[in-house]
Amino acid sequence: MTRNFSAWPIYALLGILSAPLAVMYLFLVIDTFTNAPPGSLIPNEFTFHHWRFLWDASVTGDVWGPTATTFLFATTMVVIVLAVSSTAGYAISRLNLPFRRFFLSGIMVMHAFPSVTLIIGVFLVLQFAGLYNTLIGVILVKASLMLPFGVWIMKGFYDQVPWEIEMAGVQDGASRFTVWRRLILPQVTPGLLSLGIFAFIDGWSEFMLPRILAPSANFQVLSTYLNVVSDPNSTTYNFNLFKSVGLFYTLPILVLFAVFQNRLMNIFGGGTKG
Amino acid sequence: MRTRTSLLGLGFVSPALALLFAFFLMPVVLTTVFAFTNMSTATGITGGSHVITGNLLRDLGNAGIDNDVITALGEASFSVTSETLAAAADAGVEPRFLGEIEARLMGQNFEDARSFESALKSLPSRPTRIRELKLATEPFERSILNTRYASRADMEAAITSMAPDAPAETISTIAEASYTGWRWIDGGNFQTLLDRPETIRIVLNTVFYVAATLAFNVFVGLFLAITTFYLPKTGAGFFSVLWLLPRITPVVLYAVMWKWFTWDNGFLYVIAEQLGLPAFNYMKGSVPTAWATIILVNGFVGASFGMILFSGALRAIPIQQLWASEVDGASRWQQIRQIILPQLRWPILFVTSYQTLSLLSSYEQIWLTTNGGPGSTTTVWALEAFNTALNNYTGNLEYGMGAAMALILVAVGLVLSILYLRMFRFDELVNKPRIEF
Amino acid sequence: MQVTLKDFTKTFDDMTVIDKMNLTVEDGEMLALLGPSGCGKSTTLFAICGIHRINGGQILFGTRDVSNVPSQKRNVGVVFQNYALYPHLTVSENIAFPLSVRGDDKAKIEREVRAIAELTHIEELLARRPAQLSGGQQQRVALARALVRKPDVLLLDEPLANLDAKLRLEMRSEIRRIQLETGITAILVTHDQVEAMSMCDRIAIMNKGEILQIATPTDMYRAPVNKFVAGFLGNPPIVMLEGKASGDGRFIVNGGAGLPLPSRLANIPGDTPLSLGVRPEHFGAAGASQVSGTITFVEPQGRETLFDVTLADGVVLRSIQPAREDVALGHKVAWPLDAEKLLAFDATGQAV
């Protein structure tokens, strides 16, 4: 970068602006392993005590059940999103369809459209379909709400594959399906991977849909679990514990983010979370 | 020559179409439809039955229905049928006595309790005690009051049997009024919204929330993008990761962290106490601090969106332009004003439009932090719609009203997103398929 | 396999790119489709291989009408300009792809891939991926893949455009060798006249969606049907002079002294508007009439030297001769003109 200007005033400004974030994330980690005397922020004791919820179900209730459910929820949703987006995205990018342009515009509108406003309508749909309070209902809703984004992203990746590859495949005698399956799909695996990770993180974090569409179901995901556990008005009032549960919950995401940061950056740019 | 529709293409889009139909189109339709109903927990969702309650009778009386009919409906009658006999057997009436009732009184109706009791007293094996006799009459009582009828026809039949003299028109009015399910109320919900004094307050809250958060997002996003642009790689990387963290942190944990930061005995509280400043629960304790919290909670998530897009646009600026300006002796500020900002016009417009829409409809963070409080001072439109329809602690969820509120957001959302589609020419990103078979 | 286009018509949206084209490629022949950029060469090629639907006319392979047959069933091999190798497959997997799609068994695929790799000299590359190959090697792989399932027709769309000059020369003869060895009917699309002339049995020259002339390279060079063809072929290009016939077997430019016309045009009436084409090699080597002028430009090209000679009446003729240094810029020279080989065109541009 340009070297004619000194960097330290920038660091100072950025540091002040970012201080709340830095403090929150720093203490998110510190507080899970330490205790501090009342009225102080500086820890004076190292402890694993706050992590005992992992093996002692009497602290906050069983955490492994919700963990498994969350994993199931996120992966199923990822599979649906990937399967549907990778086929629909291909069709829009490459195949002869009536109303193709209209369909793509529709996808774009739905992508920009704030889907949270539909939650009441979605609630009614699930009621009528008998999927209210079921895991599969929540998964279908979550996957569907991600679809406009997924289709749009995948269409973008397909657009980058040279037409000549497709033409060569057809010329070599392969059907369009075989061409897609054996020649085009391998070219968009980076896209599938990025979308998959993004969708997984999104699904893993999802709180609203399970909370609203399956409030009294017999399953819990980690977000609703953490929400119940971490109510500061509850008897278990202890932020060290809340943070430990929260950090445990977020760990997989942090790992994925650390590993795939560059891939995710592309997707965040077209992302939905405002 | 028309290019032929690809069957594979149809197959490939149909799963997406089905899901989008079910969970985008249908919700829009249902929101629209039920915005014009009074659907709530009380009315149920899938429809109702017909019941006449005491309250309803009173209302009907006030509404001018013939008093005789009202009285007739309010009265009980007694009849001996196989059903009432079975009910009596279940209630433990003595079998021999029951056998006699069946033998002698089968099929008879009695206008009131007294005549039925005297008929029973004429039976040989009647119970001796008067209390037992009264108990035995109860299962034979047939009243229309509080009895559920599945269909309107059943209800009308029941009314006719109770008040045979009532005119058909009256019967129909009563049957109609006895429906417990949701009904069409035209623009009733919207009228209510207009009449409510809180509505204007919520609208103003929403406008303030969107404007303030948007300003934070755009300015901080710009600031982050430009500053990290001038930093060496590692420094820039550190700050962009730090600012991306809120975006990937699950919202529930993010809310917990903010609670810790602003709550009683939380971070700010302890610091303020040590500095001798007012220490209280900043999230819920006062209106200005509650607003500040909400705007920061959302702003710290939203700023990274601008940061990412602006950084991308900055990297696209040919570096030679910057070098050239430095050679010409431009200060950093001049460089930013005259070279960088003009090239960020479109990204800024895009971020502004996109986030206006998403802020307008977002309430998750508010719900999990201040939840609109203290009082309803930080309640925004989307949160209120959600609370009305789906998250009401009084237990009566007003789906119809919530849908009406959501419908307004849906309409605004549709208009704006179509506008953006036009403005940013996204619909021109379609290419014609080049393989025509 | 003979390939025939009958009244082939192609429109994009409302724009007619090719209107009623007729073309026959004989069995075993290599034909060049030559023309400037945008004239519809690729469009024709794509119609033959079944990527584009045609809007009118017929395409016949032998006697089979394939107009409505999809690509997969046409059995045409295509080499694309950018080779279109499948980046995620190795060279041998690339070549095997058409066979495995067809459902051939492993042993057979193995055998065929080896055979075609030998033919195209890429045996040592079979385990590599396309990204690890040079341009010329990628070209060979693309050829091998197009040929492996023994197509009836081989189509090449600007196959040499992406190669550097030296490789282009090498691949030119390689492609021709392979075409001759397999005896396959081939169509080569190019806008490079040297490629077309050096590689093909016949050339079909196109402009604006129309075929102007189909002939062997020598015939076409010697007797172009119109001005466009004459101008397109030849490097350095032909010099075209506008003027009219004098009535006594000469050609007059702007009322000047004029040049002789070929004897076949001796009887052309006076004042007929004509264009006279003079190729550089027909001026300065041999011929009956002498033309004198001043050398106004010299361009040494190694083996040959190119001269511009300005005549007394201002007309500029170009001459190419074996390298010589006895004349230089500004010298007055009188060189022979081979009048019998000059080309003449009428007002509409047709050869006379």
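The first chain written gets the first letter, and so on, giving A, B and C; residue counts start at 1 in each chain.
Everything below uses one rule, namely that a residue touches a chain if its C-beta (ideal position, glycine included) is under 8 Å from a C-beta of that chain, and two chains touch if they have at least 3 such contacts.
In this text the structure is predicted, and so the values were computed from the model without any measurement.
Chemist: For which chain is the distance between its Cα centroid and the global protein Cα centroid smallest?
Modeler: Answer by centroid distance: A.
Chemist: Give the chain pair, either A-B or A-C, that is connected by more C-beta contacts.
Modeler: A-B
Chemist: So how far apart, in whole Å, are chain B and chain C when each is placed at the average of its C-alpha atoms?
Modeler: 71
Chemist: I'd like to verify one number: the distance from the centre of chain A to the centre of chain C, where each centre is the average of its C-alpha atoms, in whole angstrom.
Modeler: That gives a centre separation of 57 Å.
Chemist: Between chain A and chain B, tell me the centre distance in angstrom, where each centre is the average of that chain's C-alpha atoms.
Modeler: 23
Chemist: Can you pull out the residues of chain C that are in contact with at least two other chains?
Modeler: 50-51, 70-71
Chemist: Which residue numbers or ranges of chain B touch two or more of the other chains?
Modeler: If we look for residues of chain B contacting two or more partner chains, we find 3, 434-437.
Chemist: So which bits of chain A are touching at least two other chains?
Modeler: If we look for residues of chain A contacting two or more partner chains, we find 167, 170, 175.
Chemist: Give every residue of chain C touching chain B within the complex, in rising order.
Modeler: It comes out as residues 11, 50-55, 70-71.
Chemist: Mind listing the chain A positions that touch chain C in their complex?
Modeler: 162, 164-165, 167-175, 178, 182-183, 186-187
Chemist: Enumerate the contact residues on chain C facing chain A in the complex.
Modeler: That would be residues 49-51, 70-72, 75-78, 80-88, 97-98, 101-102, 145-146, 149 of chain C.
Chemist: Which residues of chain A touch chain B in the complex?
Modeler: The contact residues of chain A facing chain B are 1-2, 4-5, 7, 10-11, 13-14, 17-18, 20-25, 27-28, 31, 38-41, 83-85, 87-88, 90-98, 100-101, 103-106, 108-125, 127-129, 140-141, 143-145, 147-148, 151, 159, 163, 166-167, 170, 175-177, 180, 201, 204-205, 207-208, 212, 222-224, 226-227, 230, 232, 239, 242-243, 246-247, 249-250, 253-254, 257, 261, 264-265, 268-269, 271-274.
Chemist: Name, in rising order, each residue of chain B that touches chain A in their complex.
Modeler: Contacts found on chain B: 3-6, 8-13, 15-17, 19-20, 22-24, 26-31, 34, 45-46, 220, 223-224, 227-232, 235, 239, 241-253, 256-261, 263, 265-267, 270-271, 273, 296, 300-302, 304-305, 308-309, 312, 319, 322-323, 326, 332, 354-355, 357-364, 368, 382, 385-386, 389-391, 399, 402-403, 406, 409-410, 413-414, 416-418, 420-421, 426-427, 429-431, 433-437.
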